[in-house]
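Heads up, the thing below is written out as structure tokens.
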Amino acid sequence: MIIDSHAHVVVPPESYKYMAELVASRANPAAAPKLTDEAVRTAGQTIIDIMDKVGTDIQFLSPRPYMQMHSVKPAKVTALWTQHMNDLVYRTVQMFPTRFRAVAGLPQYRDESPENCLAELEFRVKEQGFIGCLLNPDPTEGDASPPPGLGDAFWHPLYEKLCALDIPALIHSAGSCQPRESYTLKFINEESIAIVSLMNSPVFEKFPNLKLIVPHGGGAIPYHMGRFRAWSVRKGGPSFDDQLKRLHFDTTTYDQDALELLFKVVGPDRVLFATENPGTGSAIDPKTGRAYDDLKPVIEAIPFLTDADRRNIFECNCTKLYSRFRKDA
Amino acid sequence: MIIDSHAHVVVPPESYKYMAELVASRANPAAAPKLTDEAVRTAGQTIIDIMDKVGTDIQFLSPRPYMQMHSVKPAKVTALWTQHMNDLVYRTVQMFPTRFRAVAGLPQYRDESPENCLAELEFRVKEQGFIGCLLNPDPTEGDASPPPGLGDAFWHPLYEKLCALDIPALIHSAGSCQPRESYTLKFINEESIAIVSLMNSPVFEKFPNLKLIVPHGGGAIPYHMGRFRAWSVRKGGPSFDDQLKRLHFDTTTYDQDALELLFKVVGPDRVLFATENPGTGSAIDPKTGRAYDDLKPVIEAIPFLTDADRRNIFECNCTKLYSRFRKDA
Amino acid sequence: MIIDSHAHVVVPPESYKYMAELVASRANPAAAPKLTDEAVRTAGQTIIDIMDKVGTDIQFLSPRPYMQMHSVKPAKVTALWTQHMNDLVYRTVQMFPTRFRAVAGLPQYRDESPENCLAELEFRVKEQGFIGCLLNPDPTEGDASPPPGLGDAFWHPLYEKLCALDIPALIHSAGSCQPRESYTLKFINEESIAIVSLMNSPVFEKFPNLKLIVPHGGGAIPYHMGRFRAWSVRKGGPSFDDQLKRLHFDTTTYDQDALELLFKVVGPDRVLFATENPGTGSAIDPKTGRAYDDLKPVIEAIPFLTDADRRNIFECNCTKLYSRFRKDA
Amino acid sequence: MIIDSHAHVVVPPESYKYMAELVASRANPAAAPKLTDEAVRTAGQTIIDIMDKVGTDIQFLSPRPYMQMHSVKPAKVTALWTQHMNDLVYRTVQMFPTRFRAVAGLPQYRDESPENCLAELEFRVKEQGFIGCLLNPDPTEGDASPPPGLGDAFWHPLYEKLCALDIPALIHSAGSCQPRESYTLKFINEESIAIVSLMNSPVFEKFPNLKLIVPHGGGAIPYHMGRFRAWSVRKGGPSFDDQLKRLHFDTTTYDQDALELLFKVVGPDRVLFATENPGTGSAIDPKTGRAYDDLKPVIEAIPFLTDADRRNIFECNCTKLYSRFRKDA
Amino acid sequence: MIIDSHAHVVVPPESYKYMAELVASRANPAAAPKLTDEAVRTAGQTIIDIMDKVGTDIQFLSPRPYMQMHSVKPAKVTALWTQHMNDLVYRTVQMFPTRFRAVAGLPQYRDESPENCLAELEFRVKEQGFIGCLLNPDPTEGDASPPPGLGDAFWHPLYEKLCALDIPALIHSAGSCQPRESYTLKFINEESIAIVSLMNSPVFEKFPNLKLIVPHGGGAIPYHMGRFRAWSVRKGGPSFDDQLKRLHFDTTTYDQDALELLFKVVGPDRVLFATENPGTGSAIDPKTGRAYDDLKPVIEAIPFLTDADRRNIFECNCTKLYSRFRKDA
Amino acid sequence: MIIDSHAHVVVPPESYKYMAELVASRANPAAAPKLTDEAVRTAGQTIIDIMDKVGTDIQFLSPRPYMQMHSVKPAKVTALWTQHMNDLVYRTVQMFPTRFRAVAGLPQYRDESPENCLAELEFRVKEQGFIGCLLNPDPTEGDASPPPGLGDAFWHPLYEKLCALDIPALIHSAGSCQPRESYTLKFINEESIAIVSLMNSPVFEKFPNLKLIVPHGGGAIPYHMGRFRAWSVRKGGPSFDDQLKRLHFDTTTYDQDALELLFKVVGPDRVLFATENPGTGSAIDPKTGRAYDDLKPVIEAIPFLTDADRRNIFECNCTKLYSRFRKDA
């Protein structure tokens, strides 16, 4: 089975209109659109057509990260929008139960404590069967001084809830307010910051069952192992390579050389298959004639991976980590 | 002829998506959608159907004010969105030349000088036949300390351009970032502030040909004449009633009592027929069974207006003020 | 009996000096002036002479709102000044017990919780017989981001105290730090904001006995009923006209047309006679030869009011609302 | 002749009221009071009575420094108030030409360049015969980051004007917004900062004719000569004692021991007689039964001063420095 | 015995490197240097050589104040540096137990409550025998709005701890971020502010055993007694001279005239001998050929001091105040 | 010949002390230390010993980046420190002319225009033979909103100067004030931001001769080519791989896998040999027993590089780019 563990909903036109109205009115007042079944079905089918084309059996769907508006004032904008998007995820999964699983967005807001997200998260997981969530390490979106790094106690309330619910979080920033750093690049930088902050912290001692996934091949870190290995040697303690094994990664980095480096550095047992398709990588590579995010053939072409490695990458790493995943959900 | 001098475009779904993307990506990067003729036609026809129902011959169309995002950082968001909306206005007018005229939105940005708007304005008027523009007195949208009042020299570069182009500006705020003051209420408050700032300034001495329209019945001012008359008496100089005659007003205040007060206070020769239909007033009054913004019968029912008054209100006040208006545009 | 429910003390020269010293020294140090009985008497008699001239029996006196300095740093400035002004109100009422009743100012400070006002309010009501108080919805006076609207839980501590003491609050802003919006205009705008915030909140469900008066004819709202009626229709729920009946209003709007509109919109049973005389309206209308704030003849001239209406407006609406009012206080 | 070179006007009640109104309305709107001759005369006579009692022939009058409101927003408050106070100084001097000379206040505003003061200063000196001015080294009054020190080029436009007009400036801060540092203490601290900033700068090389007076005995500096002498020795260059001779000082420090120290440190030829009477020192010393600011007998009691020293202190140092002083002004 | 109650460690080169690294890396990450015994001994011996030359028996050593970096972000910089400096003080005292006693620096940080310092202080006093501490009244170092004055409840947690430990605090500011006010001048100004804030507060009523030392001769205050005496007379209550007796002072003001004034004003029983040698005063006075901070001969030369006075100044005032001082520590 | 194109001076103890004093005193006042020849020689020899051990012939020396303090207020701190460090670089090169070449640090300051650096840069290049400079893309060091990206016109004045002097700039951030992002990680993130900003700009059209080096293997970009290739395809225009050829890179990424990826992505003709030795990578890899930054054997071990490739990497790429490099400088 091919599970694409990291994908985002396709947003129907009515939802774009709602988002525009939320921003324009700063959520004052705002009535959520009632999406028709037809609208949900059309959006869902768009994805399924792609999945069928590239050979994906199941996708884990979450809200589109760069549209989370975690920094747009006031907080009610994000709160209403997150609700709307999680509703859309839920309805899509309900409609196509054999093809999707639900991963929740969180109504994080600027530098406020993540405690404001716990009720929404619990509701989605316990009442609606969501199996994981997104986690934005910088909900200020670059518009202000960021909250402390993921290694800080600031995040403990969320980690406690993740452990209690036994769900993984996918570390994924949202928008970016600094013109010099577009959201797509901020994804990468935030992942590097997240990893280093976690590696320099006692988070995994305090939460040994915490499950965190760093997508996009782990930001810049696997490419800069020399730097951080040297750092670790000077500090003493466990090696950086060993520390890194507390985390999981995914394959959304769209290049065979990069994926080979990733597998070499963190091992095929820490990496989940993922494509974010449709998304950033959905453009045709003129060299191959295939989309950049059509990663199955890329992974199949990596010579040093064994069949067992590939099974792990395509399915087992994911189903082990997402313990709430059921084949017949 | 019935001219509705104050109306806004209906936004097609593709444009809402664009707006959502602009905000989500903070305009980094962003490709404007290519609206199909069909999309423009559908949106335009929606309005024409309403016009036909209520008996309006021509509407002056501008971007929808509360969606102007004048305070969303960075400035490029507003710049791109304004361009897109003015393009939509232009294409709608081109498609239905007997039913619409074009009024431009300006890419105002927070507390920056309005000089950044002059090129766009000139282009729209000179190259595309726009006949007026919107003017937002608080482009910070309440998110920061506002720019000086409309009586201040801060606005002179724009006034110079308005006079040079011989077009009127419709004073209309955009969104509101303060939860306690929704955009619809901020419209009213900003109009009151605009009037008082202008009345306490030498703007009309410096720009005797400046043409400014205060919509929504002039904010709170016609209802609070006693307060400002007394103020004027104490200050000396021309009476407040006389000063007010430098301005024009429109009828978008959706209540016969209010409109009667307006006509009494500023005179039927200073008021332009306007409905913003479809818009805020597009809800059915349970008492009459008609929409609140179906104002033609309301004005026709005001006993003290003469036929000449009504002609002025419905057509002549407007065509005199909008000197670039041509019947056969 | 003619009760003028909204009037402010005349400030003796010694108090102006004190205010100047408080600001100049930022209350560091500051010793309150000891006003002589003569100073208090002179100031009080000034008002009584006016009352006798216009036929007012009793005035409800409070500190002059625009001089409350709620935003001047540090908080001690406002605290000392409020105390001094409430002392002056108290002594004036003590000196002329048949002509005045006392309404307290509150030492509100910028965006701090109104809890800092409760002790002063309780003292004035319980120990000194004050029968109401002022309530400033924006104690930042425009110098910073305002506190939440009056519909927000931010204000609940004050509402609880108002209900416990069974006194009404008169919604009245103070100064204005934004040059474009003078204090006299901010009064109006703040009242509009206050009404809309309250109408969109469950405040009156939570505090069914809360008594709030919106002076100056209710800001802009009675003139913009169409706008808010349409809004209400779209939202569903009780009509805007019905909602508005939770509030009280007063007549300080100095113009017969405006007053007629007010009575039509909210009904003669919700409006209290009030003039703020001497004050903003104390200038001679060249058309009538009478002061703008000489409102008794204006109300008497409104043709559609009945005698019972007028009795309610001039006395009974007020005495019912101000339950602590005693004729022989 | 006894010249008291540093004294401030007594403010009439009407002016206090004006100041209160300016602050309350943030100068929007504000009409200056027309002071009657009687009001000016009463205030002036109050001072003359004191002068006669302590034996002062002439006082140099300036606005009361702590009431200058240089940091109250907006700038118009300070601008109007400075004008009013300079007018009062002027009229007082006109009324009592044998007893007073005029020293101007400047409309400094927060951290804005002193260029905004030049027109007012020039007008007062050239048109009205003022012979000097105040100079506030921190017009933010502690409410924000202060402008650069007096040694910085920031102040050069003012220094140029002072030299061009050949008038001295009296370095005197105004209010203080920090509760921990009352204005009276800030005077002292600002004088210390001013001296050290000037001593570490090339100001007197660039403006060899610049005349600056540090009142209140030179802040803390004469008491801390050891510290700054050592500093100077380490830096090399002229001795700190020599550098200090570029400045002038006055005697407003109300204690014989302190005055003796001052004369020893800077020499009797650099110190002007001054009392600020009436003012801070106007309280009766229980030990002597005389007011603290009755400094003539104190200076006469200093054993090491010669008759020539005393003549210089009481008159000649002052008349030399204030070159625009004429006996028969 | 000659006790120099106010002196600071000499910083070894390794510590300067550490400080540079702390700032450069903003304490992220940072490993404290392991100072060799040799490094500590060399630094300590430098001081002892000076002490022997000027005849000092014992010095009380604390961290060098201007290098405390109380405002450098983040707080960890200051925390680590304070620890390192206190360690250095401790080791120096351990190494030369007959010549030094230890006075602790506190990890104060910007405007945060001093509660963050209590654990460090308690550890140093109880576990390592420190006998006093420094207290910086403005840990923002001028980079932001300062915390409340020393008379405010903000400081009570620290005062409680000082009383509980029965140790005095030496009031001493650190660096200064405002170019116009160098740290050496800020020392003086902060001491003046501290004294006035304490004199206007009930601190000594609440903490009758609180022991505070104002170094550098008490800032500007002894030189400005007239000003504050007059102020006190006007306020009523105890005389300013009596109030001042709640404080202690030291002799670090490097000038015989100044020291004479100090002894006259506060009395020889309130002043502790202190030189800060080596430090600011360590430059040769060309007039005497001795260093400015060689204060023993200066004090011996003051004619009006008795032998008993000198004993108190050189030893007994200090040993009484520092109750944890033991001769054979 | 082996040229290590990216290395930093070893800082002598006297310079650390100076840096500590600069920060502690905020450059007020500050006297630069006079480094002895011995101090310079010792520091330089330390590096040469390392170079000899790893087989480097020549190093290009610049100030140590993380110690540049570009955000420490006031600007004078950075200005003085940069001067001191450039002096040290110059003297080291003068002392060992066969082993070092000089690369300048720039006194960039927070978000100020780089124009303040041009004089220093010109002096170092023209008068002292420096052959390149560092360029920090975020001199706020994360303490405030950063300046625009390197693609913005903000940087044009510097680019003009670089082209005029015909020198390359090495893009290298300095410290980091955000605890979650240590300086060593910020290096990487800033390089990614720099590349993407440049790739999305017309900088190389405007400055075709501009020479920019991205060290540390180009940040995260070579590892994320898929993401940016897809982006480019969607945008149209030249391929991302082609665009990247406008830049140069260096080998400071301490890992054979990473270096192989780098060479594959950008080609061996765009990469300069560099080690930053001694520096971050100077720790012993337990697997090889060699330091991580001993990169010569690593590069020699890469199988797909030809001898010509290696010559280019070790020497020719560098000497071509640094056109002011002379063998016998």
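Going in written order, the chains are labelled A, B, C, D, E and F, and every chain counts its residues from 1.
Convention: a contact is a pair of C-beta atoms (placed from the backbone, for glycine too) under 8 Å apart; a residue touches a chain by one contact, two chains touch by 3 or more.
These numbers come from a predicted model, not from an experiment.
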| item | value |
| --- | --- |
| Listed pair (E-F, A-F or A-B) duplicating the B-C contact set, over half by residue number | A-F |
| Pair sharing more residue contacts (C-beta pairs) when C-D is set against D-E | D-E |
| Chain whose mean Cα position lies farthest from subunit F | C |
| Chain centre separation in whole Å, for subunit F relative to subunit C (CA means) | 67 |
| Whole-Å gap separating subunit C and subunit D, where each centre is the average of the chain's CA atoms | 44 |
| Distance between the centres, which are taken as Cα means, of subunit C and subunit A, whole angstrom | 55 |
| Where subunit D and subunit E are represented by their mean Cα positions, the distance between them in whole Å | 34 |
| Set of subunit D residues in contact with two or more other chains | 29, 179, 182 |
| Subunit A - residues contacting subunit F, complex | 145-146, 148-152, 178-182, 184-185, 188-189, 192-193, 196-197, 216-217, 219-220, 222-227, 229-231, 233-234, 239, 253-255, 257-258, 261, 264-265, 280-286, 292-293 |
| Residue ranges of subunit B in contact with subunit A within the complex | 11, 13-14, 16-17, 19-21, 23-29, 66-67, 69, 72-74, 76, 143, 175-177, 179, 182-183 |
